[in-house]
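Look at the two complexes coming up: chain A is in both, with chain B in one and chain C in the other.
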Partner chain A sequence: MVAAARTSAPIANRQAVAALKARFAQQNWIFAGVLFALLALVPLLPVVEGWMATQAALVIIYILAAQGVSVLTGHTGLVTVGHGGFLAIGAYTSALMSHYLGADLLSGMICGGLMAALIGCLLGLIFLRLAGAFMAIGTLGFAFFIGTIVNNVPIFNGRTGFSLPPNNLFGVIDIGDFGFYYVCLVTLALMTLFMYSLVRSGVGRAFKALRDAEKAAQSSGVNRLFYRTLAFTISAFITGVAGALNGHIVSFVSAEVYADIWYSVDILVAAIVGGSAMLFGPFIGGVFIVMVPFFFEELADFSFILKGIVLIGVLMLAPAGVADVAARPFRAMRQRALAQAGGATAREHGRTGGSPGGAE
Partner chain B sequence: MTQLRCENITVSFGGVVACNNISLEVPTGKIVGLIGPNGAGKTTLFNVLSRFQDHDSGHIYYRDQDIDRKKPHQMVELGMARTFQNINLFGEQSTLDNILIGAHHLIGNPFADMFSLPAARRTERSLVQRANEIAEMLHMQDELDTLVKNLPYGYRKRVELARALASQPELILLDEPVAGCNDEETDELRGIVQRLNRELGITIFLVEHDMSMVMNVCDYIYVINFGSNLADGTPAEVQANADVISAYLGEEHDDAA
Partner chain C sequence: MLGQQIMSGLATGSLYALTAVAVVVVFRNTRTINLAQGDFSMMGAFIAIILLKTYGLNYYATIVLCVLAIMALGVLTERLVMRPIADSDWLTLFTATLGVYYILHGVAGWIWGRDTKAFPVTFDPTPVHIFGTVVSHGHLINMGWAAAIGVVLYVFFKYTKQGIAMRAVTDDPETAKLMGIPVRFIVTLTWAMAGFLAAFIGILIAPIIYVAPEMMDEVLIKGYVAAVFGGLYSIPGAIIGALMIGVAENLAGGYLGSHYKTATAFAMIVVLLTFRPQGLFGIQKRREI
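What follows is the complex of A and B.
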């Protein structure tokens, strides 16, 4: 009766829905444009000094790293506790190239990302059968594995580490703190653009399908092996690029920081607190992770406690992250508008007018 | 011509033999039913045919091509889609996205797709267009943007069917399409299944407990019991078969009395 009582939606309705969707997409673009314009203006403020630009660059690096995590954890549903490993791979690849070959920042980022992607691809294949908590433990093991390697294999110089020449692009010596910030910002803009394309594509749909109902995804033709491995590869690439930038931001890499598990934890917390299934989530998470120790300068240990408390709070109250809560009213508004344009009013009449038990 | 055929399929889990030498044939363009008491091995056989479950011995042929070693995700490329007994949808996503996933094997090169290159965007537009048409055919066009978790049960059954249709199948395996539906929903789904068969020429193979559904829509019926073939024939023949009555329908009468 539910369907019988309903007349076919007029074509005008579908057109109205399409127009609305186009408008929503336009609003998203405007929002992103304004956001990046503001970020681009940050170093131009007269009060901003070099060290502040570096802090802002660090925020961007965390946003990038968390974007990498979000591909895997948010969109494909594979929880990773070991992305510090990919961060380290990116950082060391670029640092070694820069230290021994005098490579510039851009080639370091690309190679760092590609090296991480290669390892990520292998890891995706190895972890094919893992899911849920086992996946988390597997990736944690991977981070420890990478940590042990950078600590003990001679070329990585262990805890002594090595310092890098001043940051340069295409051989132009020393782009400075502000130049570095803009390199980070452009990278973030490109990655965000890619993420936007990815999550709306058929590939992004396949990722989400594997996350939500694996068997149904497979029976719809989604090759589990291929798409899981692809998600691992993309995720590792993005975090690897962040790692390359992370080495250059202090012009120094050592096992002191990269053999530790804290990077992995920080990136994961950034992704989860911000909201790992949303494009805007990593932005909030990155700001959060960098700003917390910033405010606790004297009492650095307290920042871990605060991060822990916030993480627990977010998981309890808003498991989809802060960005999800912030976006909720807008999403509800859009859904209402879509429902109205799509002719759902006809259904409401159909339901109330039809048999009371018919709907369920 | 035969769309799907299996010969002497045997599957055992440890010591339990779920399917024992089962053979059957689904002719092209027909609606074929598979029935049997609980635990007869129907769902196991379905999983074997859609390649979610490996069989110990026997062969499966799709249009006379041996598909014993195919992976589940390769079946839609061949032209075979399926639905699940317990609705298996992407609840946090819209009806439209659920339908689009069914068309996954039509997205083309995944690398062009994830960068939204112009060719990929054209493909995407045509897939959305087709999803709209399918939704219209199943009277769901009003709910395309609704999250599936907010839809009533009978509706979700239809979304699963729509997803299967989006893959442009020649054959659909339906695992208990009307289980848990009320009479109205059952009637509606029955009508849809018949339309898919008659208007689109899609071959249907279905497992179902609802006897009115099976006897009304099927051209041919296979009965299995304790993992083995028990009988097969037209609905009238099966209803008259003494073995079937004692093994299956007979039990039901005893229960009722």
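What follows is the complex of A and C.
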């Protein structure tokens, strides 16, 4: 593409296109910056109570978990129905550490993520030859397997579970609801930054190449074994960190919730409703999947029905996710601007225009 | 002891087999991994409870009505949810069945509540001596039903016009369409068949486990694993896979401890997919998914 641009476009055009793209990138950063600044400032308002911060923290946990899914499902094209398993691994690792060793939140998160990453790496190797529907079934089996383990192996205490001490961090004994919210928010900011750079790096391009044209990618030197396993590892790590937070938010873990299929399903739905190939997708999906049951607190069953209907509606109207539809006008605007600036060459570059929040 | 374990394994396996067949039939005609398959069965079990308890219907009449109701549910799912997105990629189709899964869970929980219920027809544990092993009467009845349904399916696919048309759509939907086979009707029929099988599974399995919205989750995953044995494509492969899973988990449960039961299916799928990702009886062609 670069070679084509060199031969066919005047230099002034190329510079104009580059400047425009830099401005778009800047806009993405400003959008993300404003979003996170708002999220950081709102809890300082006096009307915000502790339970609201906890609810917001729960949304963030789901966003993180859905980001983990999106690495595999959206960016690498490997559908996973088993991320509830990684969530459980993260939650139990961190919970056991804090229950028995009195470890603090940060080390729990890191170890929970690393443990999930380790098992994710192994699972990636085991499922190396799987694709498509077979991968979905395999990962679903994995989630059930983890569920059986936490339900039956004595150290995990089965359905009785065990409770955790107050969340301590950096020597503070109990960081409270707001402290926990900020921990989640900082984690989300870091993970989003990580995702942003991942998607734009060579690794992200290798993932995308494997997703769009596996054989072609392999013949152009993309190491399938390495990148697939890496995608599994990264994805499991992010969801594992979310799992660690998920255990600490209620200071309780038990097989009652983690042995179920619901976490796996909910996380996948969050990623898909939001748009799993978009950076901003998990944000929308996470809000959706947590806030629907929240509003129907007394009518839990009705929230299931509503989730199902919305999911099917989204699939019919916006199969690439809500974020994709939301980004469409911005993308079109940017493409037009690029076309004007770059003349004929812009058509090739138009796709990299991006969207608010740095989507794809 | 060993023969005993194998016999009751085959009995459970025969119910997994029905699930697996339903999964395979839907997948190979519509590219859809039907996550709602288990919930069709769950709805069937709940409807059976109502018919038996509230209306005091006899067992066989209940089965007939239940099968009809769940077939209607299958057709409704196809018409309302799957048909509008029939041309999408398999992930969209799969996720749509996930939406159906949510809805049916919600509906069942809304109407009948989340607590587990006992099925009015109890499982008959009377021991019956057969082939030198002891097997309970209830298991034997279930195996009989499963075998009868197997024969019905065999006759349907082999001799009836609709069955042959269904196989033609499986093999090559484009050509089938060109040959004048009403592919849309066949797809509807496929979902009706999924409902037909689901209703039987629900009624047969309810006395063994319990009736609740999430009763079928574990059975379904084993049905999937069994379906993978047949490469998601071969019905005999799926049946053999299901029987193998039933026997293997019973042996694991008997010799290693009952909590290894569920893990067995996962262990089997890992071994299978590591060495033969296309399934034990899978066919290498048609792997466009």
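We take it that the second predicted complex is superposed on the first by the 337 of 360 C-alpha atoms of A that agree within 3 Å, B and C clash if a C-alpha of one lies under 4 Å from a C-alpha of the other, contacts with A are read in each partner's own complex, and residues count from 1 in each chain.
Here, a residue touches a chain if its C-beta (ideal position, glycine included) is under 8 Å from a C-beta of that chain, and two chains touch if they have at least 3 such contacts.
Bear in mind that the values here come from a model prediction, so they are computed numbers and not experimental data.
In the superposed model, A:217 makes contact with chain B only, not with chain C. Residue contacts after overlaying the shared chain place A:315 against chain C, while chain B stays out of touching range. Judged by the touch definition given at the top, the superposed model places A:289 against neither chain B nor chain C. When the two complexes are overlaid on their common chain A, residue A:140 makes contact with chain C while staying clear of chain B. Contacts of A:342 after superposition: chain B is touched, whereas chain C is not reached.
Across the complex, chain A meets chain C through its residues 73, 79, 126-127, 129-134, 136-138, 140-142, 144-145, 147-149, 151-152, 260-261, 265, 268-269, 272, 299-309, 311-312, 315-316, 319.
By the touch rule above, chain C contacts chain A in their complex via residues 27, 33, 81, 84-85, 88, 90-92, 94-96, 98-107, 109-110, 114, 214, 217-218, 221, 224-225, 227-228, 232, 259, 262-263, 265-266, 269-270, 273-274, 277, 289. Chain contact summary for the complex, chain B toward chain A: residues 50, 52, 71-77, 81-82, 84, 88-93, 97, 100-102, 104-105, 107, 110, 113-116, 120, 124, 127, 132, 136, 139, 141-146, 152-155, 163, 167, 182, 184, 188.
Contacts from chain A toward chain B in the complex involve residues 1-4, 6, 8-9, 13-14, 17, 194, 197-198, 200-206, 208-209, 212-213, 215-224, 226, 230, 234, 335, 338-339, 342-344, 346-347, 355, 357-360.
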